[in-house]
Structures are given as C-alpha cells and as structure tokens.
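The data blocks that follow each hold one structure.
The same chain A turns up in both complexes below, where it pairs with chain B and then with chain C.
So, the complex of A and B:
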C-alpha cells in the first residue's frame, strides 16, 4: 500500500518532470525554428504581379523587403510597437498574431492589413505596397550643424554623402536612425519632417523637440555632435501642398513648424503665389522661433501673412502680438463659410483635433483639411 | 528568484532602452512584485483603489490636453501642464496596446513638488497598480499623489 506522503512525492516529482520536459521541448522548438528550420526561398508577389521578389524564408516581411531595397515606414525598428509598417497581405500570411491584434482596427483586420515586422515569411506571399513607397531609399550623411531653436527644440542639418542628393516634396518626412547607444541596446527609427526646401537637395534639415525619456531625441540632444555620420531613409508621406490655387491656412505648434518652414521657402522659390495665412502657436516667448525670418517673408511676399500667438506669455515677455490658444486665434481670424479655403495642420494630436473642430465649424470640409499628426 | 517567461518578458521590457530610454524601474532595488505590493498597501491604507486614482488622473489629463501646453489650475492646490510628445509607447505588459506619448506635469503649489503622469502611467496604475520604480522619471509616490486628488 502506498503511503499518502509517498503519493504526494510521486505527484510532485511527476509534475516537476512534466514541467521540465515541456520547457525543454519549447526551448528545442525555438532553437529548431531559429537554426534548423529552412523555409527555403519564398516568392513575394507585389501588387498583383507588378513586381516579384524571391527572398530567404524565416525572416520578417519587413526585413525581407528592406533587404530588397523596399523601405516600409517603421519607427520602432521592428519591435511591433509603432504600427507604422502596416501592409495588406492578401495571401500566405497565416493567422493574425497576438502581437498584431492590439495595433490593428477591426476594419484593417477585415481588409487583410498586417504588421509587417511581425509576419514571418514562411511561404509564398501576395502583398500590396503603395506605389510611393518604391521611391524610398536609404541615405547616409554627415551632421553639418546642430543649433538650438528654443530651450527644447533643435535644428539638425545633414549633408548627404551617399547618395549625394535627395528629391522630395515640401511636407514629406524622413525616418532618422538612432544607433544603439548606452540608453538603447538596439537602433531605432523615428519620423521627422524635412524643414529645408526641396531645391536644397544636397542636404536634409529637420526640427526636433526633446521628448523626455525618448530614445531617439535623447540621442540627438545628448550624444549627437557635428561631424557625426548619420543614416536615414525617405522621403515618406503624403502631407504636401495641393495643386490648386485655393487660399490656405497653416496651423502649427512647436516642431510642427518643420514642414511649413520648407513649404514657404519652396513657394517663394517656385513662384507659387497662393494666399496663405500661417498661425503658429506657442506657450511663451521662449517657445517661439523663426519669428523674425517669417515676419521678413511676410513683409516681402504680399500673399503671405504670419500670425504667431502665445497662450500664456511670461511676465517678462512684453508680448504685443496675439494672445490665446492657437485654435482661439484661428477662430477669430478665419471667417465662416469659406468653402474655397484649404487648411494644413502639423503638431500635437490635441492641437490638431481642436483645430479640426474649429475649421469644421467654419464650414471647411474634411477633404480640404490636411494634417500631419505627431501621434 | 524563478520567473515565468511572461514575467521575465515584462521585466525585460521595463529595462532602460527597451521601450524608453530610462526604463520603468529606475534604481529601485525591490522586485517588481514588491514595488506593486508596497504601493497597493499605501493606496489601500488611504481607503482607495487604483482605478479611482487612474480615473481622476485621466480626467485631469483631458482637461490639461485641451489647454495645449498652457498651465491650468486643476484644484485649489494643483496646477497641471500638458506637454506633447511625438509617437507612441507600448505597455511593458505585452498585448496591452500602445499609448500616445506626452506628459502631464502636476505641481503641488503649496510645496512646489512636481510629478509626471503619462497616458501609459494611467493605464499601468489602473490595470496593474504599478506606479513605477523609485528613480524612474515617471515614478509617482502614492503617498504624495493621493492628498492632491481630493478623493476622500
């Protein structure tokens, strides 16, 4: 007869052995997946036969496309956190992964949209890639200038070395690569709008605001120095001037200045004389920049008006300009019923949501509101 | 101490440089479960639960966001300032989604002491009772926060 204590001992040992065996098998499966499983070459059909790739199976779709010179926007370096690298995969992707689900809407899931850094190429795939992404490539350059624009905003100028020129539209952005450093064991990519005009095509300028704890901005503010080599990909994005003659309002705050600083200089050079009013919001005077330059442009260009505004001027600011939230200023200046007006916005999600509401109240329809939202 | 692979994954994601430069645990020598247990005890001692605290912080955050960076008086003693940040950050607990960056600075006007609250912080407090480790820039001391909330 088995004693109760012995029975417990047998159960404990059996449970322990089962756990050990399960862990061992799981480990072996992971190792086998990594080192032994050979998926062989897999075919990727892009845009229904427009382009065919043959890649080595086992890597993520994002990495496979990058190895073939196709750069899909990605800010987190393939960690499945930014959700920028969404692609439509019509065949071969397998079931949706738990790591993808929180990053996709129900409509996207229904439309076969997937997170390309999470989907592994294990067999032939059929995917759709927006045409404009084929013109994106990797660039290398040297940091020529870093200058403080405010207490927490810097301007970066990068002279291109490989290739030596970059063709882009005012309003587009790059993905800057922050390499691994002591605050980050892996390199990451972050999106920044280009602030130089397109004819200045041997360099890239961008305006970066420090994000406390941010991996890329910490690197730019604390580690990057003039003369350093730097890598990025681009140009990305659909935020650009329409090809109409409609009057425009521009609304921005903080580093949302970037695309507009590019656009206004492009319009001047290219002789685009569309009536434009630029509303730029900040809290206090210490948060403003490029005011003198934009005021000079407004004096010079009869079709351009610049309206900086402070929401809470400091005691010593001696501010005589517009005061209030930028949305309040827009509300005061833009008359209702302007169905010929186009609006361009760049800044925080909160500012853009509030501005869209003001513009809608003025009768500006959604199809005439273009924005580049930070989040 | 033995940890499940899931718990180890959570800890890995809390390390400096994994999801944010400074990480979530600061220089706190305590184990994650001990940090949570100690803060849980402080909140319980005040007669509150974590979801109440998270809800109040979320309410203040909404008020501050609409001010677009301008300071707002949230109570007679507390000033809030919302600072926008680019991008989003995931929860260190996998599968819980991503949260817009940006931070609410709460300042106790009587003492001048300030603390930072993010949308992710609100989620971590409400879902896990996690107020981050000591030394993290986003550590919130329940004993300092609770009197400001005026929930009692």
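So, the complex of A and C:
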C-alpha cells in the first residue's frame, strides 16, 4: 500500500506534470516548425524577368512583396476580405484556396488572378504586377492639423517628411498605419481617400469618420495629436476622373466627401470645365460640412452645381434645402436616358448599392459608374 | 422469452474478435455522434456538401486514432500509476488531453502541408477546426473509463482500435447526413425550417435509428 503524498506535493506534481507535457509539446512543435515550415529562400519573378526577388518562404505573397518595398493595395490588412490585393500569378501558386474563391470572378480565376494575402510563398513564383503599383511606397509625415468637421468627422493634415512629395491623382487613397495600442495588439493599415488637391503635393489630407469600435478611427480620434509622427503607404486606387468630357454626377455621403473635395479643387486649378452635379447626403445639419465652401465654388464655377440633402433634418435645423434619402434626390434631379452621363460614387456600401440601382434605372451603363465603397 | 443474440461478451473472446467488437461498437452501436451527441457543431455546419464532409471525416478519423492512443499512453502509464499517491487523475486528464489534441492537430497541419500540398488545400480550414471538435476529446475520455472498467480493461491496441472506431463512426454519421442534405429540395421546406432547422430534424431521426443499435453488442 502506497502512502498518499501531502496535498502540496500533489499540487506540485500535477503542476509539474502539466508544465512538462506542455513544454514537451511546445518544443516538439517548434522543432517541427523549424524543419517542416522552413521553405528556404524562394525566387519571385515579376513581369517575366523585369525584376527578380529572393524572399524567405513560408510567408504570404503580400507580406513578402511588402518586405521588398512593393506595396500591393490592401484595405483589410491581409485578412482576405477586401479583395484589393489581386495579382496575376502565372506559375507556382498552387490550387485555388476556399478563402479566395468567393472573392474572384470566373474570368479572373481563368486568368490566374489570385488573392495575394492568401497565397503562401512555398516555391518559386512567377507573377505580374501592374506598372503603376511600383510607384506605391511608404511615406512618413507629421500631423500638422486635426480639425473637427462634424461631431464624428475629423480632417487630418499630414505634412510629408520622408519623402517630401507625393504625386497622386484626385480620388486616390492612402493606407494609414495605426500602431499597436491598448485596443489592438498589432499595427493595422486602413484605407482613406485623400481630400487635398494633387498640386498640394507636400502634404496629405484626409477625412475620417469615427467608426464605433473601429481600430484605426478610434486611434485617430482618441490618441493622435498634432505633432505626432505617422506612417502610411500609397497612392492607391483606380477611382479618378475619366479622360472624357462627359457630364458628371457625383454622389457622396459622410466622409465620402473626401475624393470629391480633392477633385473639385483640382478641376478648378487645372481648368477642367466638365458639367458636374454634386449630391451630398447627410442625416441632419450637424452632419454637414464644407457646405459654405462648396456653395461658394458653385456660385463661382458655372459648370458646377452642389446639392446637399438631409434625410432627417432636426427640429432646430431650419432646413430649406433638399430633404430625403440621397437616392431619392438623385432620382428627382437626373433625367432618364442620358447615355453620356458618368457617375462617381463614394460612401457606405448600402448607399452605393442603392444609388447604383437608381442610376441603372436612369439608363447609365455599368462602365460609366465609378465608385469607392467603404467596407 | 428473451433471445440473446450474443451469448458471451466478445470482450473475453479471442484477440481478433475482441478488437472487432470494439471497432463495431465504437463506430456503430455506440456512435459518438448519433448515440453520444458529441461533435455536433462541425457535423451540422460541414455537412452541406459530400466533399467537405468527406475531408472533415477523414481528418477526424486520423486525429482521433492518433490522439486516443497518445492519451492512452499518458493516462495508463503516467496518470494512473500516480493516482494512488493522491494525484487527481480524473481532473488532470481533461487539461492534459486537450493540450495533446491541440498540439497534435497543429503538428498534423504542418505535416500535411509539407507532405501533400494538395491534400492540405482540399482539407483547408477544416484541419485547424478539429481542435475544437469535442468528439475527439470525448473519445479520449470514454477510453479512460474503459481502461479503468475491470470488465473491459482496455490496453494500447484496444485504445488504438477504439479511437479509429470512434472517428470512423463520426465519419459515417457526417457522410450519411451530407448524403441526405444534398438530396433535399430546399423549396419544399417551410421557410422557418430551412437550413439548421431541417438539419437538426434529420439528425434527430438518424439518431433515433442509431439508438436501436444500442445494446446489440454488449461489451
């Protein structure tokens, strides 16, 4: 008959046993990782011989390219939801992953387009990168000004320090890096459209709306102060004015103002005189901003019209302008059957989907509707 | 008058018969899913297509077989010998078993990724999900009661076969459900019952059918 050990000893043995097993297994896993997940250096061939990279295998293609200074657009930070980081991989990518399938169209799948944040570099790859993406790089700057535009929208102005200028076209966006802070253990990248005109190329301005629970917006609203250092990459995006002379309809809501605030001032300085009607939707008067500036521009520029609209004006607003959902206002103002009209949209996914429907009913074809959707 | 199908318990018979009985009871009469209701979560969510059910089922078989055996080693050779000294083997096994399962799934994921990228991709997200499949931990815990049960007294080989049987039982159940679900015409089901509702009803009917098997093999 064995003597039972004292309680303390039993606890000690139990704890020791658990720790031993855990350490043993962790060691086994580390060892396995060292030998099994080690793919060694892999060569990435870009645009059939244009550039050759050698990267450490095992990481995602998006991360590998970023470490080599090639920035592929990505709004979700590599989580496989935004589908911005599409790249053509002609060789070595392996079969299509279930996480990629819903983000790609049949034509894209047939053309070897892949989601680069999901594809891991396991062997040598051959990929195609559009030439304009090479101009995307990392920038550093100092926050020059943060001002409140409404109760939940702020304007951020960042003076560039390294490099000192940024060439972009009105409508493009940057990816702001929010560093790790108490709400987020790792740094994240989030996309924001530039609101300053392209000739103001020594700084970047953007309009940010507080998203409840949002990692980056909370950081901007709570922690970021004037004088802080900030990092971002850019410029990204295909959302820009077309090269035609067609009449335009702009539709925006909330911080969707950003690209149009850049475009209108760019058009003014560059002397682009295309007939433009700008519909801007908000809930009540307290959600409106830049109305005076835009009304002034509309008075000054004969080809520009600005129509702000409130969906639910408050009692004290004394609102005399358009009232209703922005889609209803657009429906009222745009005449049907205009096949020379181009539409530019920026705002929430719900607003854009609803507006696209209205525009389609008006006979504006899909190839003339350009949008920048928040998701 | 009662008719006894099997007179003597096969557990006392020759080795081959004993293993066959363990296998049959683990996979059919004592099916971990339809008689014990463990591992319901992936059972319901991954049974929409036969292909994904097949992948998940195979992975569960593999992990259950291996972890039940490793946990048997741990239980029979470390925990049980220490029990007379006052070590609470029954509480401790819970913690240790889940650690073993989690580590093993990780290891297997790396191994499969290395050996066959094709298999790795076809299993996809199901692989890491196995860690939280309670059927795997359940099988390991049932194994421990069979080890201490003086009538069964499972050894290493018995545990290995039991683990395989439990996994195979889960595989059979999810394949059956996926087969039924892929033949269902959603249009003819009342809207409120579509999706999870009708799946739970099907699973319930299948479970009733499996309850009838219970007791056919008395271990």
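Everything that follows uses one rule, which is that the second predicted complex is superposed on the first by the 299 of 375 C-alpha atoms of A that agree within 3 Å, B and C clash if a C-alpha of one lies under 4 Å from a C-alpha of the other, contacts with A are read in each partner's own complex, and residues count from 1 in each chain.
Keep this in mind: a residue touches a chain if its C-beta (ideal position, glycine included) is under 8 Å from a C-beta of that chain, and two chains touch if they have at least 3 such contacts.
These numbers were taken from a predicted model, which means no experiment stands behind them.
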{"item": "Partner chain in contact with A:283 - chain B first, chain C second, else both or neither", "value": "first"}
{"item": "Partner chain(s) touched by A:122 [first = chain B, second = chain C, both, neither]", "value": "second"}
{"item": "Partner chain in contact with A:183 - chain B first, chain C second, else both or neither", "value": "first"}
{"item": "Of chain B and chain C, the chain that contacts the larger number of chain A residues", "value": "B"}
{"item": "Touched partner set for A:21, first chain B, second chain C, both or neither", "value": "second"}
{"item": "Touched partner set for A:214, first chain B, second chain C, both or neither", "value": "first"}
{"item": "Which of chain B and chain C A:349 touches, first, second, both or neither", "value": "first"}
{"item": "Chain B versus chain C as contact partner of A:254, first or second or both or neither", "value": "first"}
{"item": "Which of chain B and chain C A:13 touches, first, second, both or neither", "value": "second"}
{"item": "Partner chain in contact with A:98 - chain B first, chain C second, else both or neither", "value": "both"}
{"item": "Those residues of chain A which chain B touches in one complex and chain C touches in the other", "value": "98-99"}
{"item": "Chain A partner contacts - residues on chain C that touch it in the complex", "value": "74, 78, 82, 84-88, 92, 95-96, 99-100, 103, 106-107, 110-111, 113-114, 117-118, 121, 124-125"}
{"item": "Touching residues on chain A, where the partner in the complex is chain B", "value": "75, 81-83, 98-99, 101-103, 182-186, 190-191, 209, 211-215, 218, 253-255, 281-283, 287, 311-312, 325-327, 347-351, 354, 374-375"}
{"item": "Touching residues on chain A, where the partner in the complex is chain C", "value": "2-5, 7, 9-10, 13-14, 17-18, 21-22, 25-26, 28-29, 32-33, 36-37, 94-95, 97-99, 122"}
{"item": "Residues on chain B engaged by chain A in the complex (per definition of touch)", "value": "16-22, 65-71, 82-90, 94-98, 100-103, 116, 137-138"}
